[in-house]
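Okay, got some structures for you below.
The same chain A turns up in both complexes below, where it pairs with chain B and then with chain C.
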Partner chain A sequence: MTSQLQQQDLVVYNDGQIVSEKLLRGEYNSLTAITHIQGTAPSWLLTGVAENCLLGTCHFSPGLGTNLAFSANEPRSPVLFASFYQDAAFYSKTWKKHLGLDIASQTGNARYLDLMEELMHVLSRGADPKQSLKHVFDKISTEVQKLAAKGAKPSLIIEAPELLLHTIDIEVDDLLLSLHKLNEKTNLTLVMSIDRPLIEAHSIQDGNGLRGKHSSLVLKLLHRANTIIDIHPLETGHANDATGVLTVSKGPIPLDDVKVQEGAYLYLLNKEGSARLFFK
Partner chain B sequence: MASSNSILLINRLLSLKEQSPFLLVEDSLSQSSAYFTQEFVSRVPTTPIVYLSFETVNAPSFAANFVQCLGLSVEEIHSKIESNASRKTIVMVDSLNYIPPSQITKFIKMLVHPNVILYGVYHNSIPHIETQDYPSSLQLLQFMATSIFEIRPRLKNMDEEEVEHQMDIWRFPIGEINSSEFYVTLTNRRKSGRSVVHKYEINSDTHEITPYVSKAKEDAVGDEELLKNLTTFNLTTSTRQKHARQEVELPFMMAQNGEGAVGGAIVYQYEQDDDYDEEDPYEDPF
Partner chain C sequence: MSFRRRGDIVGSAVPVRSPPGVVPVQRGPAVGRPVPTATRPLGAKPASHENIPLKHPGVKPSVFSSVPTISTGSADLDRVLGHDGLPLGQSLLLEENGTTDFSSTLLKLFASQGIIHNRLDPQRPNTHIVVIGPDQSWAKALPGLYKGSSREQKKMQIQQNETKISVSNLSNENAPNRDMKIAWRYGGAKEAKNNDTSVSTHPNYTHTFDITSSLIPSPNSSEITYLSIGDSLQSTTKQLESIVKHNIDKVVRIIVPSFLNPALFDMRLCQHQQVIAFLYSLRALLRKYARSTALVISLNLDLFPRDSAIVAMMEKLVDGVLELKPFEPILYEYMERVYKNQPTKIKHGHLNITKQPLISDLGMMTIKEMEFSFKNGRKRFEIEEWSIPVEEEEDEKSQNPTNHESQTTTSIEF
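Right after this comes the complex of A and B.
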């Protein structure tokens, strides 16, 4: 079905961009929430967001063209990608292909942090949960400062922050405070899982239980978001020509200078992990 | 007449001319209170606003004093608020969800002052922690608030049930949610204890507030309109007549309490003038 349709560019803001120029240049620090469930992993989308922040292009939005004004040395915005979910090896091939960067180099304007490894390292030394949380976020903050020192406001992408709640015994508000402090210095993109068994929608029986903490974190973060991008499977089941649905919607916090371009797309992932988008 | 009164009330409340020291705003993921707050702020340009932030990263331009509160205790928050007792001040709390139920009354009590108008937002989408033998934060806030504004999305193509279902399964309906046009249900409590409820439609771009009339009510009014000028007889019913009609107890309602109410049996009760015939082939077999 989709193979006969014309491929579309992903447009998130009304200036035709995935990450708006006004957000990258302005003083306002935005929060974008990317939600997904098991089976619709957003790694392809995150590579595209990182590419758009850094180079102004996006491999699944050919309409954005080749932006010669930006390069890894002169980026649109420096990018820090911090993941609690995947190690550097997982993204190295796609980063090399689409961003033209060696993810392991850890230099320049695009950096990758494997936070789960960092966390396990601290925990193995016997640190208590609050110290571990502080250590992990200090590490991110140091990298953000290094990128900010080059002049432009960094874009920070954090994948699966909710895994911290699953791993160490911390309060939801402690984690929110740490994320809040990072958001004060960056345009933050948070990637979160919203699998239904992990979410209690109306009331929490046990405030210290995993479901309660996960629900509280995700919903509190969604209430802070300017933009919500959700990817979910097709409601009609498996199809050969469409992998899932991507929706872009306004978050509860409106933006002044730029508007969210709401829309729904079908996306198709090929074997190499490249995506093509079509209007739904 | 009633609609002009309701408009007057909300205009007076939003411009702080009506005495109401605690304004509680309830919102959800489908319709944020941000647009209502913008509307409120546009009507009180000269009143200083102390903004208590639990979730706002960027200090709003209207905030005279922006206080970062996440991670602070109730006492620490209070000590950070500069008090200027002589001037009317708005204390705005971006989310009351971060205060535990056991602390919420203390938090409100500390902020309340004769010259302070407290404007607090509560997100209904964030699940509350159930506590035994103690009311939830929302129940306590609703009890303390003098005016409650409940914000709902103004849906264009979907009905409320459909949107609710979509939000329950974590789908965010496109073009339907978080718009600058929305509905507000206002519950205002008078000093006498009487509370009045009004519904409005607000457009925060044009600053237009109109009374909201539900579709069903609109249709009923339409029927009355159709009957007008058709004949010289008065075919319409007045409010008093409608009320009287609702009060009439219908005869079959009595039957629900009798013997036949259970099991669907046909029960015939002989009355004084009935002629009972033992040979009657059509007699009730029961």
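Right after this comes the complex of A and C.
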């Protein structure tokens, strides 16, 4: 199927970028939601977004070329990657390959924050839920401030914030408020799973249930997003020549300076985690 | 003419006398007693957990990404996981539908494999098992090593008898058919040479188990720890971490049979927040001790269906998910009818792959439903590609008479 198609670059905004220059330089802080389901984990896409923010290039968008204007020391935008789901070891190989950075060194303009370990400490202490939430977000905020101190507006990627909601006893609105505070200082990208059993619109009424909380968080965030990127498997199931479908769509909140270039792509991942995109 | 001392082994090329207190090296295959591959010099320090993957005889690099991997005790399951085993620091969830308990067999194979690795060198235990939930009775029926078919066992017995020193054996050596015997032995040597080339560089990585036998001797407290569920799942996680720290120089195989089964888990602990926090802590623990731990959990889908939110979150928090789906009675009866003369071909159910450790997290789409079937055999948990059996005999019978009639009719009309 994809072997006959021409490889495409991922274009999210009408200036041809994955993360627009106007968003990185402007005063407005964008909110991007990346959603996925079982079978299409977004780790490759997140590495690409981090690469684009930092260096202006992207390993699955060769059309962006090699941007010599930016480097890890003089980045397009400093990046903080905070994950509740994966540890640093998982991303170390791809960061080395595509960003040219050692993920363990937390001194540069790209930092990895292992929130999994942080959350485990919180759980083992059994502290008050609101204090636990504050502790975790203080940790993120401190890292953001370190990056912001260098001058440029940081880009923040948070993977699986829903795990915080489901492991400690907090309200959805408390989490949203904490995320909003971070969004005031950064361009925020949130990565969430939207598997069918977890999402049901009428379950929102059931505020304390797992499905209700998850649905409420996802739907409220999607309604605040400027850009939504969704990846899901092919409807026909497993195929050797296509891994899944990536869809870019506008969020309910419009952007002033730049427009979202809506579109759908087929993508194919290889064993090393490198992707190729094709128009659907 | 040469003479042999009475204490020397008959048949050995170079007579070797063992010093007192040292067990002599056995010749020939030692069935049920694997030969240790490495020995530790006296006074050497135990290996730190960072070096476990390099030194452990049951650890080898993954065929997918070269991460250290351990065998599950089932070669077919190892293959299906995509790494030729379960990578260290990763978890596997076995989901099962219906009232069958195939997942229990896989968990016990996983445990038995660890025990066998641990017993390779009695001086240097290298593996520890932690079972969360059930009591000691769980390990009573762990499968033992497969010793071959009854015919092979008889043959082995004869060979062992022949190597013993007895008047009849010594007289047979001078018998006229000795040349034939030597020829047979050369043939055997050739065969052994061929086998040597196929032996991998990790000969003790995986073993074949017989689920109708029991592991002897039964595992003791230094090999298995049973963790009962306390007041909270979090306290269990703390205990588990202390066990892992205590066995830091070993590979720790963690097993959670029948997760959330009301017989083992208090329903107060089955609230979604507790369950997710527990699995999350296990995930973090596995990542923290990524070079020495691995986890396998079984879950009954009748209690927690796959379309429930809690199972979706559980699947997210583990690294590999396999579903064992026994055949519907109608399909099973159909297979029995089709394979009436080949009962070994009858399978027991479908094996659906939902998630493969590491591979799925990289974004590879690995969901495969109804593509594999499994069969719980005596010496092997078989997993093969599924193909719908065709009822050939009945088809032929039903087609032939009609064809014959139509041909006759046609010829008459023509």
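Methods note: the second predicted complex is superposed on the first by the 276 of 280 C-alpha atoms of A that agree within 3 Å, B and C clash if a C-alpha of one lies under 4 Å from a C-alpha of the other, contacts with A are read in each partner's own complex, and residues count from 1 in each chain.
FYI, a contact is a pair of C-beta atoms (placed from the backbone, for glycine too) under 8 Å apart; a residue touches a chain by one contact, two chains touch by 3 or more.
Note that the coordinates shown come from a computational prediction; the quantities given were computed from them, not determined experimentally.
Engineer: Using the superposition on chain A, tell me whether chain B and chain C clash or fit.
Structural biologist: Once both complexes are aligned on chain A, chain B and chain C fit side by side.
Engineer: According to the stated criteria, A:His135 is in contact with first (chain B), second (chain C), both, or neither; which is it?
Structural biologist: neither
Engineer: Should A:Lys146 be classified as contacting the first partner (chain B), the second (chain C), both, or neither?
Structural biologist: Neither: A:Lys146 stays clear of chain B and chain C.
Engineer: Of the two partner chains, chain B (first) and chain C (second), which one does A:Gly39 touch, if any: first, second, both, or neither?
Structural biologist: A:Gly39 contacts chain C only, not chain B.
Engineer: Quick check for you: in the superposed arrangement, does A:Lys22 touch first (chain B), second (chain C), both or neither?
Structural biologist: Neither: A:Lys22 stays clear of chain B and chain C.
Engineer: So, A:Thr243: does it touch chain B (first), chain C (second), both, or neither?
Structural biologist: Second partner only, chain C.
Engineer: For A:Lys97, is the partner it touches chain B (first), chain C (second), both, or none of the two (neither)?
Structural biologist: After superposition on chain A, A:Lys97 lies in contact with neither partner.
Engineer: By how many Å are the closest C-alpha atoms of chain B and chain C apart after the superposition?
Structural biologist: 14
Engineer: Going by the contact definition given at the top, which residues of chain A touch chain B in one complex and chain C in the other?
Structural biologist: 196
Engineer: Can you tell me which positions in chain C touch chain A when the two form their complex?
Structural biologist: Spelled out, the residues of chain C in touch with chain A are 64, 234, 237-238, 272-273, 276-277, 280-281, 283-285, 287-288, 290, 306-313, 315-316, 354-355, 360-369, 371.
Engineer: What residues on chain B touch chain A, complex-wise?
Structural biologist: So the residues of chain B touching chain A come out as 27, 29, 32, 34-35, 55-58, 70-71, 95, 97-98, 123, 125-130, 168-175, 177-180.
Engineer: Would you tell me which residues of chain A are touching chain C in their complex?
Structural biologist: Interface residues on the chain A side: 38-45, 86-87, 89-90, 116-117, 119-120, 123-124, 126, 163, 166-169, 193, 195-198, 209-211, 214, 233-234, 237-239, 243-244, 269, 271, 273, 275.
Engineer: Give every residue of chain A touching chain B within the complex, in rising order.
Structural biologist: Going through chain A, the ones touching chain B are 27-29, 31, 35, 37, 173-174, 176-177, 180, 183-184, 194, 196, 199-205, 207, 212, 215-216, 219-220, 222-224, 228, 230, 232, 247-254, 262-264.
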